[in-house]
Amino acid sequence: MQRQGELLQAFRAVRGQTTALAAGLSAEDCMVQSMTDASPVKWHLAHVTWFFETFVLERALPAAGRAFRPFCQPFRVLFNSYYLGVGPMHPRPERGVLSRPGLEEVLEYRRAVDEQLGGLLETAQLCAAHLDLVELGLHHEQQHQELILTDLKHHFSRNPLLPAYRAPCAPAAGAGLPDIGFIAYAGGRSHLGHDGRGFAFDNEGPRHGVWLEPFALGTRLVSNGEYLRFMAEEGYRRPELWLSDAWDTVRREGWQAPLYWRRAEDGWRVFTLGGERPVEPNEALCHVSYYEAEAYARWAGARLPSEAQWEHAARAAWPNPAGEGVAGTQAGNFLEDGHFHPRPPQAGAGPGAVAQLFGDAWEWTQSAYLPYPGYRPAAGAVGEYNGKFMINQMVLRGGSCATPRSHIRPSYRNFFPPAARWQFSGIRLVRDG
Amino acid sequence: MQRQGELLQAFRAVRGQTTALAAGLSAEDCMVQSMTDASPVKWHLAHVTWFFETFVLERALPAAGRAFRPFCQPFRVLFNSYYLGVGPMHPRPERGVLSRPGLEEVLEYRRAVDEQLGGLLETAQLCAAHLDLVELGLHHEQQHQELILTDLKHHFSRNPLLPAYRAPCAPAAGAGLPDIGFIAYAGGRSHLGHDGRGFAFDNEGPRHGVWLEPFALGTRLVSNGEYLRFMAEEGYRRPELWLSDAWDTVRREGWQAPLYWRRAEDGWRVFTLGGERPVEPNEALCHVSYYEAEAYARWAGARLPSEAQWEHAARAAWPNPAGEGVAGTQAGNFLEDGHFHPRPPQAGAGPGAVAQLFGDAWEWTQSAYLPYPGYRPAAGAVGEYNGKFMINQMVLRGGSCATPRSHIRPSYRNFFPPAARWQFSGIRLVRDG
Amino acid sequence: MQRQGELLQAFRAVRGQTTALAAGLSAEDCMVQSMTDASPVKWHLAHVTWFFETFVLERALPAAGRAFRPFCQPFRVLFNSYYLGVGPMHPRPERGVLSRPGLEEVLEYRRAVDEQLGGLLETAQLCAAHLDLVELGLHHEQQHQELILTDLKHHFSRNPLLPAYRAPCAPAAGAGLPDIGFIAYAGGRSHLGHDGRGFAFDNEGPRHGVWLEPFALGTRLVSNGEYLRFMAEEGYRRPELWLSDAWDTVRREGWQAPLYWRRAEDGWRVFTLGGERPVEPNEALCHVSYYEAEAYARWAGARLPSEAQWEHAARAAWPNPAGEGVAGTQAGNFLEDGHFHPRPPQAGAGPGAVAQLFGDAWEWTQSAYLPYPGYRPAAGAVGEYNGKFMINQMVLRGGSCATPRSHIRPSYRNFFPPAARWQFSGIRLVRDG
Amino acid sequence: MQRQGELLQAFRAVRGQTTALAAGLSAEDCMVQSMTDASPVKWHLAHVTWFFETFVLERALPAAGRAFRPFCQPFRVLFNSYYLGVGPMHPRPERGVLSRPGLEEVLEYRRAVDEQLGGLLETAQLCAAHLDLVELGLHHEQQHQELILTDLKHHFSRNPLLPAYRAPCAPAAGAGLPDIGFIAYAGGRSHLGHDGRGFAFDNEGPRHGVWLEPFALGTRLVSNGEYLRFMAEEGYRRPELWLSDAWDTVRREGWQAPLYWRRAEDGWRVFTLGGERPVEPNEALCHVSYYEAEAYARWAGARLPSEAQWEHAARAAWPNPAGEGVAGTQAGNFLEDGHFHPRPPQAGAGPGAVAQLFGDAWEWTQSAYLPYPGYRPAAGAVGEYNGKFMINQMVLRGGSCATPRSHIRPSYRNFFPPAARWQFSGIRLVRDG
């Protein structure tokens, strides 16, 4: 029962955190889908609830001898994201068309499911398989907390009024950053993947052996100031720095800077969740695509880390290297800090240590998102969670300023197509040893 | 001053009618842009206000010795539709992204402009040119009243919940309709275009001579029941009935019925502003494209009327044939009737008279939307109102159940591309005499 | 029998002229389809032959008691253009893929059909309906003679080697052109359409009454020099000169000059069927779209003629105004002159006469391509010839330097979409009288 | 000088083999570009010649004190494929437009460069760097030999006449194939990449350590008969078998079978370079995409091999495991066999051995095409050869029936996007050990 009690507590915390993120937004703010890749806040609020209703309540209520009745039958289609095994779904590009149900009704849907599932966790004993689904649902909802922020940011950026989601945080006063150092790793046999203690998504395992050649990892994320030098040296105009598909994208899209940057008379400005303000050179760079990250690394005479390199280093920097299950205690700039934007590395990050591995900005790796040896997705519709996206995407690691602190771990694999820029995605360099 | 007084009265009536159309809709309902051709209700509410602010207040206030200050500077860009002469504009396909300003702020914008312009009309003497712009603005707003309804209908139709805008009207109990008769017209010299008495858009003039060959006009609009026969005889599968571009469209879009029709187990159903219900055979058909209208006419051994034929017949049927300026007194099913859907022709429409010329459904003509001989658009940005769209569109005549009654007249030219279906557009047949 | 004899003579002449156009081209030259709108020369050579085989031989041979056997069964599909009533067809955008049959085999196909049909015309008596089809086939083939030239020109223009089809003609030495004058026409009742004497396509009739307001027609085509002034006055950068769709096209396509013009260090150069050379100011402008023609006219304070205006003036200028059937005797710069490019107006064209009505460049009218009152296409597949294209296109009149002289007449209606530029299409101005 | 002598011999052999592939094709056959991914045979013939002219002659002739003069200046642009470092290039989708230069002139271009480079190799001593470029040019030309065949096959397949390139080979008489067995590999430390002896492309190195978990490799390629079972069990209609992007592609493209398969009344038929014939169940499957290969493997309860697994097994099966440089001696169905289509595995391939590792069909791996640790492309334009394509593609291994025998080796990495089907690409299964 201890696990169930902890999950109940986590359930209330996570659900409350999601609702809190939407507080202060109008019903209109919560409705917009500014591009197909993004979803309305309201849709996120409903979809994570649908997940608990569909994968937990529909199974666990009957198991506890109670009747399951969906809150609203059409929601089962409206708020299914992509689970073909569950049934039909509302088309993704049409999520912004749903003025009905209104935000109020969606919040009521949340409350109803919270009440039912909270009550169930309080009063009945759930089997391990159903508790696993509760836990999956919580991590799923944390992923959507991040998406609520990134999708809202994209939406607000397209409004010429440039509205602010939260009061702006003062950007760090900037003494010059010391140059990035490179910490050497000897390589040899290592392993990749989650060790099975504590929660992980199925795509993080199974743990398996890898062989690493010697390498050296950059001590911090690439900063805005460094990227401005790349831009000043015509980085966006030199095809020899870019992959062929990347160069095609740069020209087709007219990219000249990271997403959300705008050249003003007095220099580059950046749109943040606190409104638009000048680009702060010491902050970690974000909102670049894999294409830009890869080109920058080439320009800098370096490359991007592989998943195995990154995880090897990150595991050593994790608070409890022996136990990945103890999440939520590592330092870093996360969602709960309420900054919603990368910061400069902390003063404590000396030249001999690797900083910013967790939080601030997701780090593009040079690894494609593919299954580990021995990977098997779960049976049934939940098996669609991760496995079916293992093509045409690159892995990112380490979490961002919009990631809940307890959500990240060294083995965590995020993934996006190489041209995606609306996530808080930045650059970590590596050099061959 | 009599004209100014009448305009003030009309101003209050038209503005009030627009606001009334939006009453009962949530802020979320008013935000959706379900396709590029359509706009959110909120945008319509703001844009028509922008029109008065930009084309009247900005000119007439200084002329009256009063200061003009825009309600909100960014609105000048946000709510400009397509007037390049005024300045930049927010991109049309991005109108649905504007959660800010909220609906409340837009309604305040309306009130502020109403107060300013109402006050001006009450207390100052406006010159004729400015009064002309007020009048233009009123007719402009009436056009957007119709678009509010058609765009909202499209939006609601894409929501699987199929929400109703208004309580459904009972469809007319259906005794069989008598067949369409054909009234002969002798032809000869006639004229086309507005005679200059009363308001007209610039595209309705100048009046000019035309020569008509003898023709015979169908006594009413084509009904749903007749169109069902076309469908039953494989109308959508016989290429010989269609124009080449039309056939390409039918196949590419998979058209098998008018827009908003759905084949259910017990027959065809139609989505209306009162929700979904069975197709009523006696009602006038609507939501067909020019392509479908033209193919239907070929199948029926007839054709679509030319603008000149239609206007020749309509002028004779107009309450005061000698004076087109007396609008608003003709019979017909219009926006004010609150039915928001075509109806069967009225009993009084005997075999010797032409019914449904005004209201119910716009009637596709076989005339392309092109300038009349001697046409000159107004100078300045207002000249962009009509003239620059005179290509790639076909003319529709007569108004619909979503047109304000006082907005229509025999010389009125509506225009849409031949594949457009989301307007209340139907079919009138003609035969060569 | 006289008509059959004349047709036999015409058949040999037209067929020989087509083959002569392809002489000097390599098999590779004859294979290229440089855009979907254009077709390979080889395909044209085969398709016009298919037309005679399908619409004449297949009917007339059995009627004469002789067996019909297709030259090659697959050709029936490969070389059908768009006649759904005949059967399936090879997809238009895939015409360039047909390396087989080779050019030699296609020429053999031509010879075989020539021999069969020539023999039939010599030795059997054909009924009038079949003779009508022979005549239609000849005019059809003349249309493809023009397309062979325009499609080949487009193809060669895309090859950086800029090959010449024929030896360049020396451009006319250029004394300045006198300004365009305007000849007044009183208007009143006129008629539009072919009178039925001699051959005409079905889309040229029936002749019907029209009413013309007074107008004044420009005395010659707009010249390159005049268009250069439009360009120098920022014509391509001023949205107020353009229709809305036109302006979208200008920006999307990056138009800055007519098709085939290129800005070189020493001025504008033009690609012709004789290779690239400087733009000659006195020559008639060509290779402009309707969009450009319409914008130019607005800039020039004029407009484009309607079909009815143009035909009214052209009928008066025709060698034998009473008998349109006597084609081929009018002056003008036509295909047979071998110049393949517009020329300056002839010296004889005094200020009081209208020059260049026939030949040099097709003249965009402000009339959409729509059926005349009473229009009925022929029954069967031949009825697909013209009627099904009567939407989304504008009418051009008068023929060009690539039109066979005997192919044009005052009632002739050519038609292309408003953005098309690869035909020899130019500008005639008109002013309201 | 021994190396130079060997290269001279290889130069003559490879160049002759290319020309021989084009023999028997008409100039028209050599001109067609049937899709953007493919190129005309003539373009291939010219481009490989351009490669020698640009990267060898232009450098080595002056080094030998002889003048370099390009054969034809415009060819430098026309036949540059994608080397931005060399200069501008003719747009790839427009290669089919080049009727000029004709095939004869291209063959003359080949002879001229052969003569110059042959003469140089015979009479002057080239430095190692230039000899490296000669060697690179030969392997480059071999790649284009394969593309000549696959591009021509695509082109011919689009012609309804279904022409045959070569006389059809009799498909193997088919006793039933034994089931695929699986050979176990213990895993542990292995290495990946070329060892530097003999030629390799830069993307094959540097050799580096990898760690392999135990695995078992399928004893032969998947056969047509096996794939027919997948199809019979609704493989193309079950979304749970497919990656998400794959399923989207299947639906969008309407895939129901491998490329070039057609369902006839009496069963499936396949288009080959010898014409269309029935699908032979025992032959190795080919012309499937990565998407299909991955779905098939899931259906079969297996997966696709990683690069490291494949190379580990292939190195052991290579004639001289210690020396990869000794190419051209391994068994297998290659271009030189003139079969141009996969065959059943050879009888000798017993249950304990892995057959068809080389030749027959390229084998999709589950590895993305990415740089090896320490990878550095060559300096200058030649560095664009491979490196800039390292994104959005999957690796294929082992060569096909269209690969020259001396071109393949265990470390060879081919790469195509996951939806590509026009190469001879098939399926090898692997199971976790």
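So that you can tell them apart, the chains are marked A, B, C and D in the order they are listed, and the count of residues begins at 1 in each.
Here is the rule we go by: a residue touches a chain if its C-beta (ideal position, glycine included) is under 8 Å from a C-beta of that chain, and two chains touch if they have at least 3 such contacts.
Please read these numbers as outputs of a predicted model, since none were measured by experiment.
Among the remaining chains, none touches chain A as well as chain D. Between chain B and chain D, the least number of touching-chain steps is 2. Between the Cα centres of chain B and chain C there is a gap of 38 Å.
Centres computed as Cα averages put chain A at a distance of 47 Å from chain B.
If you average the Cα atoms of chain A and of chain C, the two centres end up 60 Å apart.
For chain D, the set of residues touching two or more other chains is empty.
Of all residues in chain A, those touching chain B in their complex are 26-29, 31-32, 34, 74, 77-78, 90, 94, 96-103, 155, 158-161, 163.
By the touch criterion stated above, chain B contacts chain C in their complex at residues 82, 84-85, 189, 208-213, 215, 239-240, 242-247, 290-291, 294, 303, 306, 366-368, 370-371, 373-374, 384, 388-392, 418, 432.
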